[in-house]
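There are two complexes below, and they share chain A, which is joined by chain B in the first and by chain C in the second.
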Partner chain A sequence: MTTESLNKNDKTEKNEKSPKRVRVLPAPVTGQEVVLVGVIALLWAGLALSTPAFLTAGSIQPLLVATAPIALIGVGMTIVIITGGIDVSVGGAIMVCSVLTAKTLVGSGVNLGVAVLLSVLTGGVLGLVNGVLIAYGRVHAIIITFGTANLFMFLGLQIFGSGTVNGIPGTLAFFGRGPDGRTLGVPHAFLITVLVTAAAWWYLRHTAGGRHFFAIGGDAQAARLAGVRVQRRVLLAYTTTGLLVGLASCFVIAQGTSTLDQTVGSGKELAVIAAVVIGGTSIMGGRGSVLGTLLGALLVQSVASGVTQLGWRSQLSDLFVGIFIIVAVGADLLRARARRSR
Partner chain B sequence: MRPRFTAAVALTATAALALTGCTKKNDTDTAAGGDAGAKTYKVAFVPKLQGVPYFEAMNAGGKEAAAALGNVEWLYQGPTQADAAAQADIVRSYIQQKVDALIVAPNDPDSMAPLLQQAKDAGIHVATADTDAPSSVREVFVNQATADGIGQGLTDALLTAMGGKGKYAIVSCGQTAENLNAWIEVQKAYTKEKYPEAQIVDIVYAGEDQAKATQMATDLMNAHPDLTGLVGECTSSAPGVAQAVKDAGKIGKVFTVGLGTPQAMKPYLQDKSSTAAILWDVENLGYLTAWAGAQIAQGKSFEATNNVSGDLSAVTYDSASKMLLLGPALAITDQNVDQFNY
Partner chain C sequence: MTTTTRGRSDITRLLLTQRIPLLAVLIVVVVVTFFINDAGGYLTASYDFDYMSGSLISAVPLAMLGLAELIVILSGRGGIDLSVGAIVSLSGMIFGFAYGQWGWPLWFAIIATVLFGGLCGAVNGVLVSYIGFPALIATLATFYAFKSIAIVINNQQPISTPPIQELYSLSKSVELPVIGASVPDVPLGIFTFLLPTVVAVWLLLARTAYGRRLYAIGTNDVAARWSGLPVRDTRFKAYVYAGLISGLVAVVTVAQFASARPDAGVSGSGMALPAITIAVLGGVAITGGIGRVAGVVLATLLIVWLNAGILLAFVGNEGSQYQLLALGTVLVFAALLNGLTTRRYGGTV
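Coming up: the complex of A and B.
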């Protein structure tokens, strides 16, 4: 299905200039990104015309902050889905990371660096658990992560211990919506997300290791025969997702209130998967783009903010997101058909 | 990996995600008291959600009542997510256990009605507390406050801060939550009647998601630059709207009130981003619920005015609507917030 992504010339990685290499490399964007940029531009233009306050810093900055956690986890989720897997445990993992971090912030008043490190490491461990079970357990990712999702929720609720976490200090305001969360008007949370996305885009497109993820999703057996260390790659994909969940949990705490309750993370796995699918990544694996995921997350949040700012009924944003997902999957199937008939 | 299978499983499992997350935990506190021969009545309460401070405070009040009454065994178990199906399972298990009185705070009043009928058919006395199921066979509804009390309390507290005039918006939670909608109706009518110079410009629904409530409040402030008030209609959006005002640096320009639990609202009441939290004494509500359960379990009827305990010496009962009323709403401000430990 995706022979174009099967990179058989790992050893000649440095030889970028040869015409043969160029053909092996896929286009820098998969097609969906251009469409998404167009849709977002149209949407923003429409919103700017109908509500003058939309295209102001006070409106766009919070929008970017709200996009950040979904888009950041989306980077990991895109890689996971490219390998043909899925991770439905990220909501539970957000709960564990954020409640642990929030409790530590309240209990021992650690500084920003320690809090982030704690959250990221916790997320990494949870991702590693998923990765080990999926890479070496030979059970499909959805079953494993469905199981771990419930385990993580149990763990999270145990840490909550029948009560909310109150009085969380403003240590994480660096990632928040307030003035402490911006430098020169750019929200830190969004900037970090863009940098991570850019690094992942470069890695996935220009390194042998990155191309291997696509090879696994295209045909894991063929990839193995071509010398790809499939298990190690799969382990890396889920661990990366876990680490990003840890960082995103800090964003979630910073965006919330000084209280954390057990609804934190609830349903976020679906929001992340929606962003990935709208971004043009094939749910079947083998094809995908982290840039698309960032744009997908931005589109979903723009719609949500737009619906509120226009004074429309809140449930319309669910309708629009539903339509986007179906249209995106349809477009993906059409592209796949066009490729086959070529 | 078989792509078709993957997609099919993915869809099924994501749909199933909404139905999971219920960990079984039987919070059974036997108040073994009274004579050895006297019957102990099992009074079970099923909250909307377990592990949130609101219902945990009700649980504490219920336990206290059971200990004081002596002949009551207080059972408390709720779903870990505010989900009607998970709640229905718990109700069914109590029906099978043949408790003497079953009291529910339904997530979905309509789907709870047939279950309450089933319980009645099994010889169990049924009641509702916190949220009513009006079209059901419940014998009594333990009401924390009338819709008028809450709606007017919220409106008066907000409009006093706003100087009796101006535009405000409401960030509500569940779109179908009967009590929230009843309060909103009162707020609309009461604002129109008592504060003709004030106007509700929008009502949005954020679910139980704090970060979403905060983002929606931010969007509302952007869409209406002349907005001077925000109402957080439930315990997750009350701190959410205050956080949004704080992040936007509009403390003193935009005033907020909300249905918030005291400890969660404390930091916002102290920095003035929230003017007041309107609530009731939740522990007393739990106490009254357990007491009412014991009454109906013993087949006793209610007087027009009931002496329940030292704190609740004159609880009124309306026989037309079969409703016990806890009392007037309580305004929590920075002055009295420390009196409440939940």
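Coming up: the complex of A and C.
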């Protein structure tokens, strides 16, 4: 469907004078996203009514900070899933990036820029490994990334040595929960995430390179015949995810206290995939939006925060995550069925 | 081309395309390697037949869940079950309540637990087969839901009342009758749980009409539908069978820990990922329709004996870290090998 729309795009650009312009791009905001905004608004309103403390800066700011790493990795994961792939190794990659960065901070006291650069580059290398294996080894993404997830965890635990990393200096407080991590009340981590999401939204929607990802997910063979360099695009998708994992790892270190323990990153891959799926991206590839992913991550984190503030067991939020996935994807399935029968 | 080189390339081809001989060779390589290391005194304890036999206890849940994944992945259309670990946790808690607190008779509690696992699997099956959810999404959702319910249902507390603690006897090693004196003792769980499951799944896949239908829908969903096969029912049942096996694994796990733990199947990297790994390593094609029971069983033996050896080769928790390295490396190579054989020889058998 996407290659088709690309062709139409060329045609409309040539025939500028044609009286009726055909809309070639999907709507800027999908129905799923509108619904998500509504659900989040309802949820926040409900929480505000039941616990007055919810709608205060002291409650919303940590919520946004906690959303940031999942949503940021979600941008990369959305691109990967649009190409028809998946990356279940991000949990292991978070562990490698964050423990390497934390150890460097403790050991040599580097400044903020160096720490971020180190973490991002590490993540990029890990993503590159996945990308090379998947694009050139031509194997199923889920299998390879299950494998690399184990390898990354091994690497991370080796760097950990024994026990936890203690006494991490506050270099990364710029991304943290504290007053250093905010400008005009907006947490930097969330701001960066929103900016990255906006850039990715524009890139995916308005550039040929961005549309290529959709083309690959729609039909990789057709995309190749249409001149898309499929392998390079796939490589780029996984490497981007790796780079974003690196940046998100800085947020993760900054959110914690001055210690980092060996459970860091565990289970995050499923949380990211859940956010992407709730955001309306099709796991079959070819369709999706980073905006939805940001909203999905925000919804999941709002539920988690709400469950704790209502004094329920925190593990209960997982049940809601499960229900949200079913409802979000189920609604999408019903819409697709309605489209087909029309 | 001379006959000898031809013969050699035939062997290469056999090893690359036939997963079962390859696994058998790898098992021999692993075991011999550790025997040599043992003889050289590089291991912290003796790697002998007794040790290998004792380590089989960890093969019980692994192989059973690997078989559960086999059935689901065979059903095709992206079939996979991420929720088996969560089903193990939740069914384990149900078993804990039934046997440990309500005092049901053991056989009745086991049946109830297995049926409950089947019910959880039926939820997956309805979502995937009748409503049309992608399997990855449906089982991701139920993974979250079951995991959460298992933890909340008893306020995060494990159940380890006296009847549950006595179950530990199920996982101890026993001497075999007749030939027992000359072979090592074998964990009882192998006979009470693993072997019956292996035989049942093998019969189901290789000797029943259902098994043929499962391979058919996994190979080509559309062709199977046009041939008049009940595609939806067949796929639905695959998830139910996976759930039933997970329920049985729950009983094994409770016996092994002597306690019904709410996070039994999901702690760490959980039980689902190793099970999928075992299935893929055993030659199950992730696209469906290809895979055999023997491959899964051999893959389990390979991983279990490899892990057992690694534990002895390193001191402290280093060993468990190198197990991750081994598992990851083996999986990546298995996947690359699958890709290679598909391109060069047209697929693994």
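Keep in mind that, in the parts below, the second predicted complex is superposed on the first by the 319 of 342 C-alpha atoms of A that agree within 3 Å, B and C clash if a C-alpha of one lies under 4 Å from a C-alpha of the other, contacts with A are read in each partner's own complex, and residues count from 1 in each chain.
Quick note on the criterion: a residue touches a chain if its C-beta (ideal position, glycine included) is under 8 Å from a C-beta of that chain, and two chains touch if they have at least 3 such contacts.
Because the structure is a prediction, the values reported are computed rather than measured.
Enquirer: Quick check on the superposition: with chain A as the shared anchor, is it clash or fit for chain B versus chain C?
Expert: Clash - chain B and chain C, as placed by superposing on chain A, overlap.
Enquirer: Classify the contacts of A:Ile273 with the two partner chains as first (chain B alone), second (chain C alone), both, or neither.
Expert: After superposing on A, A:Ile273 lies in contact with both chain B and chain C.
Enquirer: Touching A:Ala149 in the superposition: chain B (first), chain C (second), both, neither?
Expert: both
Enquirer: Which partner does A:Met284 contact after superposing on A: first (chain B), second (chain C), both, neither?
Expert: Both partners, chain B and chain C.
Enquirer: With the two complexes superposed on chain A, say which partner A:Arg138 touches: chain B (first), chain C (second), both, or neither.
Expert: A:Arg138 sits against chain C, while chain B stays out of touch.
Enquirer: Kindly classify A:His206 by the partners it touches after superposition: chain B alone (first), chain C alone (second), both, or neither?
Expert: In the superposition, A:His206 contacts neither chain B nor chain C.
Enquirer: Please determine whether it is chain B or chain C that touches the greater number of chain A residues.
Expert: Higher number of touched chain A residues: B.
Enquirer: Taking the superposition on A as described, I'd like to know which of chain B and chain C A:Thr259 touches: first, second, both or neither.
Expert: first
Enquirer: Going by the contact rule set out at the top, does A:Leu157 touch chain B (first), chain C (second), both, or neither?
Expert: both
Enquirer: Report for A:Gly176: first if it touches chain B alone, second if chain C alone, otherwise both or neither.
Expert: Only chain B is touched by A:Gly176; chain C is not.
Enquirer: Scan A:Pro62 for contacts with chain B and chain C and give back first, second, both or neither.
Expert: In the superposition, A:Pro62 contacts chain B only.
Enquirer: Based on the superposition described at the top, state which of 8-16, 26-34, 296-304 or 314-322 belonging to chain C clashes with chain B.
Expert: 314-322
Enquirer: Which parts of chain A are touched by chain B and by chain C alike?
Expert: After superposing on chain A, chain A residues 86, 140, 142-143, 146, 149-150, 153-154, 157, 162, 266, 270, 273, 283-284, 315 contact both chain B and chain C.
Enquirer: Which residues of chain C touch chain A once you look at their complex with the stated criterion?
Expert: 80, 82, 127, 131-134, 136-138, 140-149, 151-152, 155-156, 268-269, 273, 276-277, 280, 286-287, 316-317, 321-322, 324-325, 327-332, 335-336, 338-339, 343
Enquirer: Help me check something: in the complex, which residues belonging to chain B touch chain A?
Expert: Of all residues in chain B, those touching chain A are 1, 3, 6-7, 9-10, 13-14, 16-17, 20-21, 23, 49-53, 56, 80-82, 175, 201-202, 204-206, 208-212, 214-216, 218-223, 225, 236, 239-240, 242-244, 246-249, 261, 263-264, 266-268.
Enquirer: Any idea which chain A residues touch chain C in the complex?
Expert: By the definition above, chain A touches chain C via 86, 133, 137-140, 142-144, 146-151, 153-154, 157-158, 162, 266, 270, 273-274, 277, 283-284, 313, 315-319, 321-323, 325-326, 329-330, 333.
Enquirer: Touching chain B in the complex: which residues of chain A?
Expert: 1, 51, 53-54, 56, 58-59, 62-63, 66, 84, 86, 88, 140, 142-143, 146, 149-150, 153-154, 157, 160, 162-164, 166-167, 176-179, 220, 252, 255-259, 261-264, 266-267, 269-270, 273, 283-285, 304-305, 308-311, 314-315
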